[in-house]
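Notes to accompany the following structure.
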Amino acid sequence: MLDRRCDSVEKALEGIKDGSRIMVSGFGEAGRPNMLIKGLIDSGVKDIELVSNNAGAGYEGLAMLFRHKMVRKLYCSFPRGSMGAEVKKWVEEGGLEIEVMPQGTLAERIRAAGCGIPAFYTPTAYGTKLAEGKETRMFDGVGHVLETALKADVALVKAYKADRWGNLTYLNLARNFAPLMAMAATTSIVEADEIVELGALEPNIIVTPGICVDRLVTSRRIAENEWGTAA
Amino acid sequence: MTPLTREGIAARLAQDISDGWHVNLGIGMPEQVANYLPEGRDILLHSENGILGMGPTPPEGQEDETLVNAGKKPITMLPGASIFDHALSFGLVRGGHLQLCVLGAYQVAENGDIANWSREDNDPIASVGGAMDLAVGAQRIWVTMQHNDKSGAPRILEHCTYPLTGVGCVKRIYTDLAVIDVTPEGFLVTEIIDGMTPKELQDRSGARLRFADGVGKLLDQTRAA
Amino acid sequence: MLDRRCDSVEKALEGIKDGSRIMVSGFGEAGRPNMLIKGLIDSGVKDIELVSNNAGAGYEGLAMLFRHKMVRKLYCSFPRGSMGAEVKKWVEEGGLEIEVMPQGTLAERIRAAGCGIPAFYTPTAYGTKLAEGKETRMFDGVGHVLETALKADVALVKAYKADRWGNLTYLNLARNFAPLMAMAATTSIVEADEIVELGALEPNIIVTPGICVDRLVTSRRIAENEWGTAA
Amino acid sequence: MTPLTREGIAARLAQDISDGWHVNLGIGMPEQVANYLPEGRDILLHSENGILGMGPTPPEGQEDETLVNAGKKPITMLPGASIFDHALSFGLVRGGHLQLCVLGAYQVAENGDIANWSREDNDPIASVGGAMDLAVGAQRIWVTMQHNDKSGAPRILEHCTYPLTGVGCVKRIYTDLAVIDVTPEGFLVTEIIDGMTPKELQDRSGARLRFADGVGKLLDQTRAA
């Protein structure tokens, strides 16, 4: 019987190695898998290469991965934010490396990894400093940049409803990067608001087919005081 | 001679958006365009994080954490809104489907180059977001900005000095002083605030301006809306 | 007011020029816009470059475009079928040119066109005769082929439910190429089983946002005897 | 000495599909594998036209024109089925998400090359469908075919003579006479029908066969199912 449900967050996150590349879904707080992020912090994994549109904010959620110095490298489009000054300091101190890229390029690179496309040309960033050192090529007289697939060892993804095969739906703008990341990682781990009976999700409204998902847990909201303290 | 307020710039630009257009409004001043869209037109707002048909800010207390815009501010959905993932959202952008994107800018050059994401060459947290995708992808880029920076330096230039966001993509600029088209022959002023002379505007600009026959008056439209 | 509905099939198809490249959604009969195909035949447009996974069958629907000699070139993955012998004859007589490509490459080329990606690398067909003459490149020791975006002047698409803004849903396996084609053509023309009130489609289940659609008509089943006769 | 029927080949292969696998079955003999899937395993069938969780043929009169497989035959949906567009469907294929694809073949070479889409170099309507995508994309390619063609010529070869579908991708072959792994050292027979000697099988093959220690008996599993 195919059943991707796990009994605990610990089991869902089992086997994540130091140095792993980990994608985390979400745009701002919408679609952020906070329970899995908390589990990742508890696991003590180190030297993460994090793929996330931004770096988080405040003293909860994604931001705590940085405050606990768990992140070695960040692939993102928008490292600035309310935590900008601190992020800048961590980079200047040498503990954190950042690869900034346009948001659409980030999305398409992740999508490409999931779809078996190793590289593609995009007009985005041509002629700017984000294209420096990259291969370029003209198509129909317009400059384009060659971008490569961005895959990961692990994806942590927040979903709305799920079934035991791992079929997923998302709610509103919480969808954002989640379907792309679920498909682009070797091991995709999902927290869903609700796990429903097989067959309860209408086949036409499923956004991520279960084939993209490896492990599944029911989501729980992490309270402010559970995040602990860190730099 | 009264320069437009930020709201005045947004309100003026809003008048030029046609019925049926799909429009992305950048973070900051461009967002305010949403407050002045002319009545009776279906204008669909796009946000990079995956929506078309974005509605106004919800009443306090009715925010939903799954309904936010690219600036992470709470939004609502209009009847007819649609939701999609980030790849499709930027497919729509890059694929040239949006009729308009309004961006803020530090600088615009006379060939249409725009600089709006970074003011130093080695900022370790320079943040581009979706600006470069929008700059190459939307059918037209209009810019809203103050005509001069806080020190009075011009932002309308022969060449941008800050790192570029996009090459040759700006079609029109709305400032507190004027509306300016970017044409193959350079900047063309089509509207100017009451009481300002062409020479005064030229003196506050860093590139040669041409003036359209019968330059119009740039009016405050905030009350009209 | 944004209203993409047209009063008639004729209006929906207005302005299609001889020599246009036209995409037609559908896989077998599932998702085939037969009312629009019939309208296209009635319009008498010539020298079409047709993009469709296959060539149709029998004496109705897509097959009639060929029987009426309206198609100059076909981009597809599977020209064989119940009409295979005739298709072969038309090619050998010189009236029809066929560009065969793998089905996934066809899909991805159309998707690329809609998403502003001019070219991408795929492992599919590397080392086969369908890659002959194409640019190739190794990624991680695996051979890949460079494929380019395939766009069109017009897409004819079948949908399930639609609203006046052009938002679309599809039913079951009738989805197939439709969302990709709607996005890849300069003018996308849709026949929908039902046009519902704006707001009646839940935003999370819309598959094609209206921005991809230009014209919209309510679908009507074309009876067998309406197709007329032809070679 | 009784060679397996087409159903027998399909039934034998079906036994080797693990619980939880997502599987694409090619048109023709591979499709019949669906009729012999072992009880108690969740095996999700994929079809290129956009479904996972394909169910059996519907009863006559209950066909739905929106429910067809890649061979355009009527299907049903299992509880837990999901629908997606052609780009995602082949993204799943090309991206290596399917645990298995079963293809028919004209020829398989000892390096794993497969030829299954065209028997002449200049067929103007040579039709590839999704075979090349599946050949490069699935985690493993298993082939079902008759050991010899109608004229008795071998289809298991040192080199394919027909146009290739994929390079070096076949992992295992199920024929009416044997089950054969494709290994870095060439063909390795793991099962053979009762009463056939290794020499007889070798004589009907066009490449050198090796035989596993304790080669098993290839049994008819059609009744077991």
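By written order: A, B, C and D. Residues from 1 in each chain.
Keep this in mind: contacts are C-beta pairs under 8 Å (C-beta built on N, C-alpha and C of every residue); 3 or more make two chains touch, one makes a residue touch a chain.
A quick note: this is a predicted structure, and the numbers were derived from the prediction, not measured.
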Looking at the contacts, which chains touch subunit B and subunit C alike? A
Between A-D and C-D, flag the pair that has more C-beta pairs in contact. C-D
Taking each chain's centre as the mean position of its Cα atoms, how many Å separate subunit A from subunit D? 36
What whole-Å value do you get for the distance between subunit A and subunit B if each is reduced to the mean of its CA atoms? 30
Distance from the CA centroid of subunit B to that of subunit D, rounded to the nearest Å? 56
Where does subunit A touch two or more other chains at once, residue-wise? 108, 111, 115-117, 122-123, 171-172, 175, 203-204
Quick check: what residues of subunit D touch more than one other chain, meaning two or more? 51, 77, 83-84, 87, 90-91, 93-94, 136-137
Spell out the part of subunit C that touches subunit D in their complex, as residue ranges. 27-31, 77-81, 84, 87-88, 91-92, 98, 100-105, 107-108, 110-111, 122-130, 143, 171-180, 207
Please give the residue numbers of subunit D that touch subunit C in the complex, ascending. 47-51, 64-68, 72, 77, 83-87, 89-91, 93-94, 121, 124-133, 136-137, 163-167
Enumerate the contact residues on subunit A facing subunit C in the complex. 108, 112, 115-123, 139-140, 142, 144, 148, 169-172, 175, 203-205
Which bits of subunit C are touching subunit B when the two form their complex? 1-2, 111, 113-117, 163-165, 167, 183, 198-199, 201, 203-204, 206, 209-212
In the complex with subunit C, residue positions of subunit B that touch it: 19-20, 22, 40-42, 44, 46, 51-53, 77-84, 87-88, 90-98, 136-137
